[in-house]
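Here come two complexes built around chain A, the first alongside chain B, the second alongside chain C.
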Partner chain A sequence: MTYTSYLYFFGFAIVVYLVYLACPMKQKWKVLFAGSCLFSMILDGFLAVCLLVTSLAAFFCGKQLTKLQDKFNAAKKGLSKDEKKQLKAEITKKKKAVVAAGTIISLGSLIVLKYTSFFLGLFNSVSEIFGGIQLPLLYYALPLGISYYTLQAIGYVVDTYRGKYRAETNAAKLILFVSFFPQMTEGPIGRYDKLMPQLVEGHRYSNENFTSGVTLIFWGLFKKLVISDRASYMVSEVFGNYTKYGSIVVFVATVMYTIQLYTDFSGCIDIMSGTARVFGIKLESNFRQPFFSKSVGEFWRRWHITLGTWFKDYVFYPVSLSSPFMKLSKASAGHMSKFMASIVPSACALFVVWLGTGLWHGASMKYVIYGLYYFLIMLLGTIFEPAFVKMSAKLNINRKGKTMSTLAVLRTMLLVNIGMTMFRADGIGEYGAVISRIFQPINIYDITSGTLFALGTDRHDFLVIVIGVAIMYLVAIMKEKGKDILTLVSTGRIYIKWPVMMGLIVAVLVFGAYGPGYGVVENIYAQF
Partner chain B sequence: MGKNKKHSSKKKSPEKNTEPQNNKKPVGVTDKQGSEPEKKTDAPTDIKADASEKKTDAQADIKADASDKKAAPETVSGEAEESGTEEGAQEKKPKGKAAFYAGKALRSISFFLILGTILGIFSYAVHPKNNKKEYGMRDQNAHAFYAEPENTLDTIIIGNSEAYSSFSPLEMWHAYGITSYVSAKGAILMSDAYYILKEVLKTQSPKLVIFETDAVFPQKEDQTLRDRTINNVIENESPLIKYHDVWKIQRPENYFAPINYRWQSYSRGQMDDPRTEGYESRNLVVSDGKNEVYRDGRINYWILKYMDKFVELCREKNIQVLFVTVPNILTTSKLNSQAIKNYCTSRNIPQIDFSEHPEFINIDWTKDTRDGGVHMNTRGAKKVSLFLGQYIINQYDIKDRRDDKELAKRWDRDYKRYKNEVQIKRKKLLGLM
Partner chain C sequence: MEELLEILSEVKPGVDFEKETELVDSGILDSMAIIQLVARLADEYDVEITPVDLVPENFNSAEAIYALVKRLED
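Now for the complex of A and B:
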């Protein structure tokens, strides 16, 4: 049951919504709980089991952590300073053990299911060099969404450890938090303190929520069915047989893939957020016009935001504040120039973050390279920044001017395009081959012969994609300028609301790539 | 009174007061709520954002004060719907409440009316205006029955590729004067079979419907069949969804042209193929099907559901149903045959199973198939059709129509063409043309 199927909308989402509306306020969350459980079971029985294990582990760890904290708070009264310190150390030790257990259970299941074959493969490659034994590779069926809900559960445990909030006392509520159906398979990765209150409080029907939710769903369907799926046919043809095609075709295919990836992922997130919005629940936003970024660093603050902030809060900070890194930063301050001393420690922490980000996407060397590619670009950017500043001052270039900003946006697009191509290529070798194909001499025949339009995405599809992207671009510009179309639609007057809603519905129904003759294209990010 | 209360609460909590005023407030305020994560990431923008938030809050306060007075008469006239909150509605007096809900209902109705009209226009614009492939009709052979004169087809044959390969209406005509049509699609879904039958019955009133049973075992997983059936039903119920991508090939002059399904299939839906690629042995050994996926006699829930609907539709219209199983090496098995037999017994449907009785047609597997035992070729189809024609004439109240001169003229002409085309295809195969 994909999020774009009739079964999901008519057989599941609408039914859950009607029951949700019919239930009394205090019971509403139970409908969401039952719906999410049912959804995971329909998707995959194994997923339901994994979700249950992860949620219960997080639940008991959280409970234990709050209990320890309460114990400390109760006991510390009347103790001397030293005794307090000693008690705190003792409690912290215990808390660390609990948080480690919680993380190991959640992360452990993710690692075993997702990365066993990758690590066994690595072992085999190393072992081969030394003539050692070869282990058989073990592949497990990976439950959908495991990479998302695991991070969500870990975030909850770590936050309770940090005392950000008290642990949840109701196991069913925590299960609902970890498995809330709109965000189960592709995120956005939610935070307990923001999501849980909304899930539990219950919402009445509201015209505004309903209108904005439905509009967002159709906006997501527009991105996914009208743009992404159309682009996918050409992309799979060219990436599957890249040796057959010249530089222009391959380059267009890489651009198409970036478009496909963005519209697929953000479209799906919009469908999910729209569904949640209809229920009165606001999910975290995952994208903020990423293709307006002037640097790769900015791009990653606008693309898959919830993953970035998760890594920042639960990897970057703990790593930077860990004792080896503190030592490193002290040592670099003593031995390096001021500039380098400011870069080296954070670069090392960022290395861990990007290695993690890369690996999070999948158990393969190409994802490691994918993460490190962005890391390297950002690092080089930081290192050469002073030189760029000097150079532009000498050449009298205004780096913040319109032309330079546009160039910076285009440069970022290009760099991102090169990076995203790695997602689609089957491996590092193939990735290199595809990229080198782009740099072959340009052959005009590719265009004049009509090859470009004969690869599954014909000239009509191209036209639809170009118009679709132009509409997305306009909406994005408006959003950058502080005018959110969605807000206009949900709160504005009929002459704005109706044309937008009707336009979207008609566009999806008429120009969507669905139905006979079109295969269902699986969501790219659901595989991670 | 209520207004005053609202007013004083606004001053106390600026956050609350912005809610019902959402439409009047500058858009930026809601924007900021949406971009909360961003604030965290960039420290410098944080300060700016804080300052501007205070400013907008203050602005909103002043605006709210001013607009409150203005908004009062507006809300009475039912405009409160814009604010969208239920609380707004509950504050109204009973009379205003009724008017408010009536306005709301009227709006919803007009929204769907306008949307429906637009969708209707698009639906007509993309609808194929002729039953040919070039006009956007899929499986044109299955849909050429539209061009047959009304109520002239006595027998309708429905099924998948086995059906359009194994039955020859023209051979049945030539030998027995039976008028039949094969409305079959490759890998047909049972729901599609049901809808095709429904469509045929709009212009024809057959006495007999023959269903070829290979479509009962489509060699697909249960989940795929479920999803495809749901999609298929929605497509068949909504022409816009079914033909939505015809905009790619529809010529502008045809957007609003009348629908005229006049294309006729001379072979009456049969896709004859004289190629011969025999199965290695003269006799097919039918597998028992035990422990074999798709040959274990299990009928999928969705298939069964639409088989029942198919049969019910025939019974409703007083049409006889006959199930025929043409043997093939892919899906026939003893268990599958048994499953069909059980189904037919339970619903009292007559059945001919050629996989159990190959002697009925004296089938030669080395010569009668076109692709190594999966589909009949022209020769095999003739054998099946002649047997079936005889059976129909004996068992059903179906007349020899060769006396009807006008009809006979058309059918005889097409029979000649059919024979001719087969010769041409044979010659092409032998490289003589």
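Now for the complex of A and C:
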């Protein structure tokens, strides 16, 4: 059952919604809990078991952490400063052990299920060099969404450790937080303090929530079925047989893949956010017009936002503030220029983050290189920033002017396109071959012969994609200017609301790539 | 405060730190700059800044950063 299937909408989401509306306010969260449990069992029984283990581990760790904190708060009264310090150190040590246990259980199952074959493969490669033993590779079935709900559960445990909030006292509620069905398989990765109150408070039917939710669902379906799935046919053909095609075709396929990836992922997030909105629940934003970014760093602050902020809060900051990194910071200050000394420690922490981000996407060297590619671009950007500033001043170039800003946006798009091509290629070797194919001499015959339109995505498909992207672009421009068209439509007057909503629904029904002749295209990000 | 403004200017030159009130929200201070700043603050003021303190409200303006330092010094 995918988020774009009839079964999901008509056999599941609508049924859960009707039961949710029929239930008394205080019982509504139980409908979401039962619906999420059922959804996970329909998807995969193994997923349901993994979700339960992760949720319960987080629940018991959270409870223990709050208990330890309460113990400290009660015992510290009347103690001297030194005694308080000593007690705090003891309690912190115990709390750290609890966090470690919780993280090992959650992350451990992710590592075993997702990365066993990768690490065994690495071991075999090293062992082969020294003539050592070769271990058999072990592949496990990966539960859908494991990479998302694991991070969500770890975030909860760490925040409880940090004292951001008290632990949840009801196990069923925490299971709901970890497994809320709209965000179970692709995120967005939620935070307990923002999501949990919305899940348990119960919401009555609201016209505004219903129309804005349905509009968002159809906007997501438009991106996914009208644009992404149409683009996928050409992308599959060219990436599967790139040696057959010339530079123009391969380049168009790489651009098409970036469009496919964005519309697939952001489309699915819109469908999920729209579903949650109908229930009166607002999920975290995962995208903020990423293709308006002037730098790769900015792109990653606008793309898959909840993953970026998760890595920032739970990896980058703790690693950067750890004592080895603070020591490195001090050592750098003594041996390097002020500028370099300020960059080296955070660059080292950033390396850890991007290695993790790459590996999060998949268990192969391709994803490691994918993460490090973005790390390198950002690092070079930071190192050369003072030189760029000086050069611009010398040449009297206004870097914030319209021309330079547009060029910066185009440069970012190109760099991202190169990165996303790596994402799509089957391996590093294939990636190199695809990129080198782009730099072959241009053969105008690729265009005049009509090859471009005979690769599964015909002239009609291309036209639909171009118009679809143009509409998306206009909506994004308005959003950049602070006008969210989708919200305006859903809350606007009836003579604006209904024609636009109907137009969107008709566009999905008429131009969506579904039904006879179209295969189901799996959501790309659900595979992580 | 003057000492803090000097540190801020070294970490991120060319910003009017006396006037800016959305240093984090507007992207002037990104996570890398915040870490550079935290290292300098820890060094200059002998304070321990933990990940819990790294929220936009504590870094959106020079005044907020100053208040954070003063709070941690106490």
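The rule is short, and it goes like this: the second predicted complex is superposed on the first by the 528 of 528 C-alpha atoms of A that agree within 3 Å, B and C clash if a C-alpha of one lies under 4 Å from a C-alpha of the other, contacts with A are read in each partner's own complex, and residues count from 1 in each chain.
We take it that a contact is a pair of C-beta atoms (placed from the backbone, for glycine too) under 8 Å apart; a residue touches a chain by one contact, two chains touch by 3 or more.
Just so we're clear, the structure is a prediction, and the values are computed from it rather than from any experiment.
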Check whether A:S125 is in contact with chain B, with chain C, with both or with neither, and answer first, second, both or neither.
neither
Looking at the overlay, what does A:S436 touch: chain B (first), chain C (second), both, or neither?
neither
Quick check on the superposed pair: does A:D458 touch chain B, chain C, both, or neither? Answer first, second, both or neither.
first
May I ask you to decide whether A:Q27 touches chain B, chain C, both, or neither, giving the answer as first, second, both or neither?
neither
Looking at the overlay, does A:Q86 come into contact with chain B only (first), chain C only (second), both, or neither?
neither
Chain B versus chain C as contact partner of A:G163, first or second or both or neither
second
With both structures placed on chain A, which of the two partners, chain B or chain C, ends up touching more residues of chain A?
B
So, does A:R301 touch the first partner chain B, the second partner chain C, both, or neither?
both
So which positions on chain A get touched by both chain B and chain C?
301, 312
Going by the contact rule at the top, pick out the chain B residues touching chain A in the complex.
22-23, 27-28, 30-31, 33-35, 37-38, 40-42, 81-86, 107, 111, 114-115, 118-119, 122, 126, 138, 226-227, 230-231, 234-235, 240-242, 244-245, 247-248
Which bits of chain C are touching chain A when the two form their complex?
10-11, 14, 27, 30-32, 35-36, 38-40, 42-43, 49-52, 54
Note: in the complex, chain A contacts chain B through residues 1, 5-7, 11, 204-209, 211, 282, 284-285, 288, 301, 305-306, 309, 312, 458, 460, 482-484, 487-488, 490-494, 498, 502, 505-506, 509-518, 520
In their complex, what parts of chain A are in touch with chain C?
162-164, 297-298, 301, 312-313, 316-318, 320-321, 326, 329-330, 333, 338, 342-343, 345-347, 349-350, 382, 389
